[in-house]
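Here come two complexes built around subunit A, the first alongside subunit B, the second alongside subunit C.
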Partner chain A sequence: MSSIQISNVTKRFGDFTAVDDLSLEIEEGEFVALLGPSGCGKTTTMNMIAGLEEATEGSILFDGQDLSRTRIQDRNIGFVFQNYAIFTHLSVYKNLSYGLEVKKFAKDDIKRRVHAMADRMSISHRLEQPAASLSVNEMQKLAIGRSAIMEPRIFLLDEPLSNLDAGFRAYMRAELKVLQHEFGQTMIYVTHDQIEAMSLADKIAIIDQGKLMQYGSPLDIYNSPNNRFVANFVGSPRMNLIDGELREEENQLKLMVQGGAEIILQGQVKSDFTSDGKVHSGSFGIRPQDIYFGERRASNDIAMKGTVEILERVGPKRLAYLQVLETKFLAFDDQDQLKLGDEVPFFLPPGKSMAFDMISGHRLGSV
Partner chain B sequence: MTDIKTNSASSRTKQKKQGYWAGVARDGNKMGFWFVLPTVLLLLFIVVFPLLMQLYLSVTWWTPLEGIAWYRAWEVFNWGENYWFQLTDSRVWRALWRTVLIMIIAVPLQFFLGMSLAYLFIDQFPGRKVFYSIMLTPMMVVPAVVGLMFFLLFQGTGPVNAHLGLPSTFSWLTDVNRAMISVIIADVWQWTPLMFLILLAGMLGVPSDQLLAARLLGGSNWQNFFKIILPRMKAVIIIALVLRAVECFKIFDLIFIMTKGGPGVQTETISLFLYKQTFGEFEWAYVAAIGLTILFVLSVIAAKGLAYMAKKSG
Partner chain C sequence: MNAIEFKNVVKTYPEFTLGPINLAVKKGEFFGIFGPPSTGKTSILKLILGLLEPDEGQITLMDKDASELEVAERDISMVFQNLALFPHMTGRENVIFPLKERGASEADISQQLDFVSEVLHISHILHKNPSQMSGGERQRIALGRAFAADSRAMLLDEPIAALDARLREEMRVELKRLQRENNQTFVYVSHDEEEVMAISDRVAVIIGGNIAQIGTPDDVYSRPNSLAVAEVIGTPPMNLFKGRFSSDGMFFEAENLNARIPILGETKRGGNATLGIRPEDIWLESDENSATFDLKISTVEPLGGYTILNALLGDQIVKIRAPGQVHIEGGSDQKVAFDQRRIHLFDDEGARL
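Take a look at the complex of A and B:
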């Protein structure tokens, strides 16, 4: 078990910068998810941690110790591949025992550990069968068990659930969480699925185009995104992000959206937008569930009016697409009160709204 | 059999085109017969006929020198005397032994060299493509030309002696032991590339993520080679070895040019022996008997071997 310090790591492939000046501090026993869209550099980051790729600049320390000169086979890093990389020519038993055998553990010890791990992963009944005969779900368990049996200093998982069917994915998600508690391992988990990241990780590192966008607990990231990218990336359905020009008219600060819609800024979000005094174009963000209908609940809630264009059933609620001139707002209609084509008033609480700089993407005001 | 196949294959379209396809299916047997007949006749002519002719001659004393047409060979029928004679003919046994000797030295050498080279070539390195092409050239050279090349190289006054600083009286091709070594070196030079090519293809078929996984689990390159790469290449290795062993058994042109089987009969393989019997002694009936015997023995070995492999791979 180890803590990991990644400091100012950059990885270039020719002219292409895959990872750009990335720093992360991972505590011992923590479960960290690297989350980002495809091609954002998260897998490269993980490969560098595993030692499969060498960092162009910067350092990666395990408990303060630099392993970049240590051979891969001596690093003792657990790695679960996206496609599991099961040794299909060997039996399940031989797959589990591989690491122990090459490290010359005693026969009895190997046998005991393999049986314990097979029990833990509930694949005992398959031990003597060829690994190629396993189902995808069992291969997943075998892949994790094969790494876990070595009691690695850290555990890296590369999109391990992406090949599974939906039902087993949910089960395996819960299982992984349990395993992580049991092993008490430092785990790093690469995924592009924010639900996996949210439900599993102690901390999430959001990466885009090789840069670290935000690093924090799932709730932190959800509630107070650092920038426009994170706000847009995290949350389902996505946050409403309305881009426009800031204009002061008759003592009011307005966000003028292309197409004619305007938001009269109030309260907290108004002071956020003006906080550095230089911003001319901004992005107004609010999550769908924070928009409400009916009576105004607080005097400085921003009032809007829009036409209900689409209603989409999502479980007990309905998702409403509200058209304000050329601008679309997404909101939840939780009491089935809206009708298609209605023009309805709706409200945006300033305290739950967020302000971003359009140019830099940074969050404005107090975070 | 043909009927059932044709029917099931067309069953999906049956409802739609029943009348038309039904007719074809019923005529299938007859039509098929006429379609394959020319090929069958050709095969009969070039395979079965010579084989029967050989079998016929092999039980006679017939030789082209006596002016009797081959079909009248029954006049000198000898009740399989040739077959008995070859078993006691030490020339046959020695030639066989020399052939096997070349095989059991050259083929493993080619295998180890080919495997090592293949292992080098799975990594990317600058100039890999160029070296790859260069590596394969020996294989493309006509064996007779390879024979000539090594004939020249191993001359007393040739480059090999000059390079090793040996006197020009130090002979390779006319020395009792070194002639064999020279021939084996030439064969290894020519056929290592084929081994390399087949083994590289097999090695590239080993999933790279499994190798990576094996390394991350702590296996050294050496351990991973024996536990992951080799077992996964088993089928390819067997194919490569069988292919080379069979080819090596038939070795002829290389030796014919380099030593003509000499000095004496020191490098005379079974092919060279048969050649000399055919065009030197004109004992065609005897050659036919030996040829058939070798064919029979090799067939049995191959069949047994294949059956064993099939059984092992389940």
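Take a look at the complex of A and C:
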């Protein structure tokens, strides 16, 4: 187990800056997800933690120690990659015992640990079979088990679930979380899947174009994204983000959207938009589940009207695409009574709406 | 009119038999085919397209016997999972290829190209060769080529699987809009249950080479007609308990359920059965009208809009989907109720009761 301090780390490949002045504190025993779109620099960051890449600038300390002179194999770091590196010609048992044998563990100790891990991963019945005979799902369990058996002080996982089918992915997600609780290891998990990051991690670092956009607990990030990128990236279905020009008219502040739609701002979100004393372009955000239909519930809820263009079944609910001129709002059909083509009123509660600056992307007002 | 009809269609492979398949896709319908990997989904598309011939049964396309139609006469486009782009042509040349083949006018070609480029967001990659494109970009060019052909029916085999999540959501809506605007018939294959359920007018669930259920997404989700369908539709999946009816037929009992569940309606007295309940139909409170259980919460997955709780009931893992953000710690004891109106029962053979 180990804490990690990443301070002002930059990584350049020629002219290209993959990681740009990134700082992160990871506490001992924490499960941290590095989340971002492909090419954002999350894998490069992980590779620097692992020692596979060297930082161009900045430092990475483990429990306050600089390990850059320590050989990778002596750092006691466990890896699980997307393409699980399994010895397919060896038995499942041999795959699990390999690392322990290299480290010269006692025979009985190895046997005990292999059986315990195989049990844990429900692959005991496969121990004597060649790894090549395993299903994709079992292969993944083996890959994780093989690293976990070494009880490394830091466990690095690079998109370990991306090759799995949806059902098994959900199962492994729960399993990984239990594993981490049991071992108490520091885990760093690279993913582009925000659902995985939200469900697994104690903290999420969201990275875009090499820069850290936000670092916090999943719900902090979900409830108060501090910029437009994070707001758009986290949450499924995605947050409605409506871009437009702010305009003052007849004592009202309106967001005028291209194509003619307008949002008459009220309450909290209105003061958020004007918190910097300027009237400029802005982006209005609201999550689909915060939009409602039927009777207006509070006097300053913002009233809109739209046409139901598409209804999708998303898990237990139906998601409606409401067309307001050229603007689309996503909302859950909370009363299960929308029909395609209907023109319906809907409401945006200002307290659940968010204001972003269009140019900088920063969140405006109260956060 | 039915655009595509299968009557008792069978295709036999050395290790696998597809069918007999019976289905009818209406003209202008968005028809989804869902099933776990290697269950015969792609074979169905190849049979429609004419790349495979059925060993038994009959395929009808727009009221014509398909066996009398050449592939080219069928007026059907297909987007393959392993997109077959011409490597020596640019994106633009790939997209307009079918139009050129057909001898369309320059004006038509440029209009059609503008239209598909806008919908698929490909204007900026039209000048590239496939080798310079990312997987997602190649996928969109392949879609563009199929759309440009403007054929009567489109067959899509996992067309957006290679794209990242946000783009996939966006493309899903665009595909649906395009289909509706052009009034085309779409047959859409995917192993991603959420995607098929979201996009389709009707869905066929294929399991082990046979159609397990055909219905609207709402039907298939709310009333899966067999245990096999219940197992594959819904994320996280339905919680299933193996057990039996009490001898008076009034209750369902199982080892892992520490309370009996009253059963309304017809039951098989003393017979074995499986009870299913979806994660969202378990409430985090006791309810006097529903069976209530004590369980232990093991882990909590906060997803923002909802929360997934993994719990143990007896020695069985139970998944609960609670609306909003709940503040329950892993390791705590919790009373839950199964929504009595949303219990699914399946008999010993797996058929819905």
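We adopt the following convention: the second predicted complex is superposed on the first by the 363 of 367 C-alpha atoms of A that agree within 3 Å, B and C clash if a C-alpha of one lies under 4 Å from a C-alpha of the other, contacts with A are read in each partner's own complex, and residues count from 1 in each chain.
Going forward, a contact is a pair of C-beta atoms (placed from the backbone, for glycine too) under 8 Å apart; a residue touches a chain by one contact, two chains touch by 3 or more.
Being a predicted model, the structure only gives us computed values, none of them experimental.
**Q** Subunit A superposed: clash or fit between subunit B and subunit C?
**A** These partners fit in the superposed model.
**Q** Which of the two partners, first being subunit B and second being subunit C, lies in contact with A:89: first, second, both, or neither?
**A** Once the two structures are laid over each other on A, A:89 reaches subunit B alone.
**Q** Using the touch definition from the top, say if A:293 reaches subunit B (first), subunit C (second), both or neither.
**A** A:293 sits against neither subunit B nor subunit C.
**Q** Check the residue A:238 against both partner chains and state whether it touches subunit B (first), subunit C (second), both, or neither.
**A** A:238: touches subunit C, not subunit B.
**Q** Could you tell me if A:316 is touching subunit B, subunit C, both of them or neither one (first, second, both, neither)?
**A** The answer is second: A:316 touches subunit C but not subunit B.
**Q** For A:192, select first, second, both or neither according to whether it touches subunit B, subunit C, the two together, or no partner.
**A** After superposing on A, A:192 lies in contact with subunit C but is clear of subunit B.
**Q** Which holds for A:174: it touches subunit B only (first), subunit C only (second), both, or neither?
**A** Only subunit C is touched by A:174; subunit B is not.
**Q** How wide is the angle at the Cα centre of subunit A, looking out to the Cα centres of subunit B and subunit C, in steps of 10 degrees?
**A** Computed angle, apex subunit A: 80 degrees.
**Q** Which chain, subunit B or subunit C, ends up touching more residues of subunit A in the combined arrangement?
**A** C
**Q** With the two structures placed on a shared chain A, what shortest C-alpha distance in Å links subunit B and subunit C?
**A** 9
**Q** Which subunit A residues are contacted by subunit C in one complex and by subunit B in the other?
**A** Common to the two interfaces on subunit A: nothing.
**Q** Subunit B touches which residues of subunit A in the complex?
**A** So the residues of subunit A in touch with subunit B come to 50, 52, 72-79, 81, 83, 85-90, 98-99, 102-103, 146-147, 150.
**Q** Would you tell me which residues of subunit A are touching subunit C in their complex?
**A** Against subunit C, the touching part of subunit A is residues 37-38, 165-167, 170, 173-174, 177-178, 181, 192-195, 198-200, 218-219, 222-223, 232-238, 287-289, 309-310, 312-316, 318-319, 321.
**Q** Quick check on the complex: what are the subunit B residues that touch subunit A?
**A** Spelled out, the residues of subunit B in touch with subunit A are 207, 209-210, 212-220, 223-224, 227-228, 231-232.
**Q** Show me the residue ranges of subunit C that touch subunit A in the complex, using the header's touch definition.
**A** The contact residues of subunit C facing subunit A are 36-37, 164-166, 169, 172-173, 176-177, 191-194, 197-199, 217-218, 221, 232, 234-237, 278, 280, 298-299, 301-305, 308, 310, 317, 319, 321, 325, 330.
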